[in-house]
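Per-chain residue numbering starts at 1, and chain names A, B, C and D are given in the order in which the chains are listed.
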Amino acid sequence: MKKLAVVYYSRTGNTESMAEAIAEGARKESEVSVDVEKLENFPAEKMLEYDGLIVGSPTYYGSMAYQVKKLFDDSVVFHGKLAGKVGGAFSSAANVGGGNETTITGILNAMLIHGMIIEGTSNGDHFGPVAIGAPDTRANSGCKALGKRVAALVTKLT
Amino acid sequence: MKKLAVVYYSRTGNTESMAEAIAEGARKESEVSVDVEKLENFPAEKMLEYDGLIVGSPTYYGSMAYQVKKLFDDSVVFHGKLAGKVGGAFSSAANVGGGNETTITGILNAMLIHGMIIEGTSNGDHFGPVAIGAPDTRANSGCKALGKRVAALVTKLT
Amino acid sequence: MKKLAVVYYSRTGNTESMAEAIAEGARKESEVSVDVEKLENFPAEKMLEYDGLIVGSPTYYGSMAYQVKKLFDDSVVFHGKLAGKVGGAFSSAANVGGGNETTITGILNAMLIHGMIIEGTSNGDHFGPVAIGAPDTRANSGCKALGKRVAALVTKLT
Amino acid sequence: MKKLAVVYYSRTGNTESMAEAIAEGARKESEVSVDVEKLENFPAEKMLEYDGLIVGSPTYYGSMAYQVKKLFDDSVVFHGKLAGKVGGAFSSAANVGGGNETTITGILNAMLIHGMIIEGTSNGDHFGPVAIGAPDTRANSGCKALGKRVAALVTKLT
């Protein structure tokens, strides 16, 4: 059984509810087990245990919250060991145009630097799902699609 | 009298109507004359005539339309001559999370490479206004604010 | 037999010689046939024929040359049809810090918007190889690694 | 007398020696007083005391170190109060193509979200200076130029 973690940092609950929708989508892929993890309970070393990692953060000043950045900075001690794993990213933001895309591409860039594999989507939020405020129907369906897409790629690659 | 151009490429009219709202905002600054120009009628050399340049493009595959990129590529023959001018950018897109921020930051990056000066905003669309489909009230007010902001900085700098 | 294209635009020959090194690396994967194609001879529809696409551009004003952007803009007529293919990007630039990373991430973003799959590397130029001027040993070895990596992922995915 | 701070986070000393070169350049502008500050001694509230802020970070996973991100995240309590101040950014990295540009543009994006003003340069490292390893002559001269440029714009704007 392959393993996928959805790791998130959330203060208002918006990013958390996105994480749950992503996990719901991922669980549609029967060959992957899915864990939803608060960042606070997820030391960097746990990244090593998973075949796929989806990381979510609120949009703060156009990039991931520093707590999420710390996860990546801490991961330098096993740099190279995440290569070939599948990644994905999501974000909640206060505004359209307020830095949500740069937050998501920032998380994806960190994953590429680890040698991870990323898949976009030709429908909806192309880099990863964005919620403006509390996730609406559009955001929720993007979250489910991301979960399903990453879980499917994890299955396919291994 | 200082001069500001709002240059845009538009196929559906969405980017065009943003350009008009930006010009309306810019005209609130009485010491700046404002021209609204279709990209098709704006050879790169005309960039040299203005103290401020606001460039708009639809979001296509996460960056400015190739026609807009051609404007910047053509400007290489006078590289260095735009240094110190004020820049701004805007985009219309089909989707939230569809590449509108990366389009705007791509235009701003091209301006920074020319040595131009950029100002963000702490309210609303921080890098520059985004319309999702036809510009709504939110997008229009962001456009007016961008016009006013760039015109005010042009006035202040010279 | 799976198919991979290395498509490039080059004026000085630097991007072209990177394309050749990438093809050399890709040909190490015996189950993939590799074509090296000048952009001028590569209409967008040809993208559909390949399982993997590696696209290279000189760095002009922090993003791909408008000729390369036109390839992506033209591809909108078959939007969705490239989903699941493997992508990669490379660039030659005049300067360190001159926009080469933003050029490569711009190409990768366009691929993600098509629903394509991207793999980074934990060694060297993480997003894709960069040459500063004519490709040196460092750039050439990054090119070979990119070719091999994309070809290996094409093989694995299908 | 206008005030400019060069704030940096450094572990190996490379980012620190860039900060010193930037301050040297800034001090060429006689109407600006320049402070060089370690991030550890610079609580976010101190950002309010300066007319210009130049922030430097090593490149970690393609963006600023989490300690630097925390500075920006902490600044949310006075969001809007930095509007109109002048910003600049710099980074040291292990590699060309290793995320140094995305680190610098990430810092600049955070500044734009605060409503700050940024100036690029048509020469050298366009977004801000990059050192690959210990700063060499090229990096040092880019640092001095950044200091001078930001100090000159601070002078001009006020």
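As a convention for this text, a contact is a pair of C-beta atoms (placed from the backbone, for glycine too) under 8 Å apart; a residue touches a chain by one contact, two chains touch by 3 or more.
If you're wondering where the values come from, they're calculated on a predicted model, not measured in any experiment.
Colleague: Moving step by step between touching chains, how few steps can get you from subunit B to subunit D?
Modeller: So the least number of steps between the two chains is 1.
Colleague: List the interface residue numbers of subunit B and of subunit C, divide the shared ones by all numbers used, and answer same when the ratio is over half, different when under half.
Modeller: Homomeric contact, same residues on both sides for the most part.
Colleague: How many Å are there between the centre of subunit C and the centre of subunit D, using C-alpha atoms for each centre?
Modeller: 32
Colleague: If you average the CA atoms of subunit A and of subunit D, how many Å lie between those two points?
Modeller: 29
Colleague: Subunit A to subunit C: how many Å between their CA centres?
Modeller: Chain centres of subunit A and subunit C, defined by C-alpha means, are spaced 25 Å apart.
Colleague: Give me the residues of subunit C that touch two or more other chains.
Modeller: Counting only residues that touch two or more other chains, subunit C contributes 62, 98-99, 102, 105, 109, 112-114, 126-127.
Colleague: In their complex, what parts of subunit B are in touch with subunit C?
Modeller: It is residues 60-67, 69-70, 72-73, 75-76, 98-99, 102, 106, 109-110, 112-114 of subunit B that touch subunit C.
Colleague: In the complex of these two chains, what residues of subunit A are touching subunit C?
Modeller: Going by the criterion above, the answer is residues 79-80, 82-84, 105, 108-109, 111-123, 126-127, 153, 156-157.
Colleague: List the residues on subunit C that touch subunit D in their complex, please.
Modeller: 62, 95-102, 104-105, 124-130, 132, 138, 142
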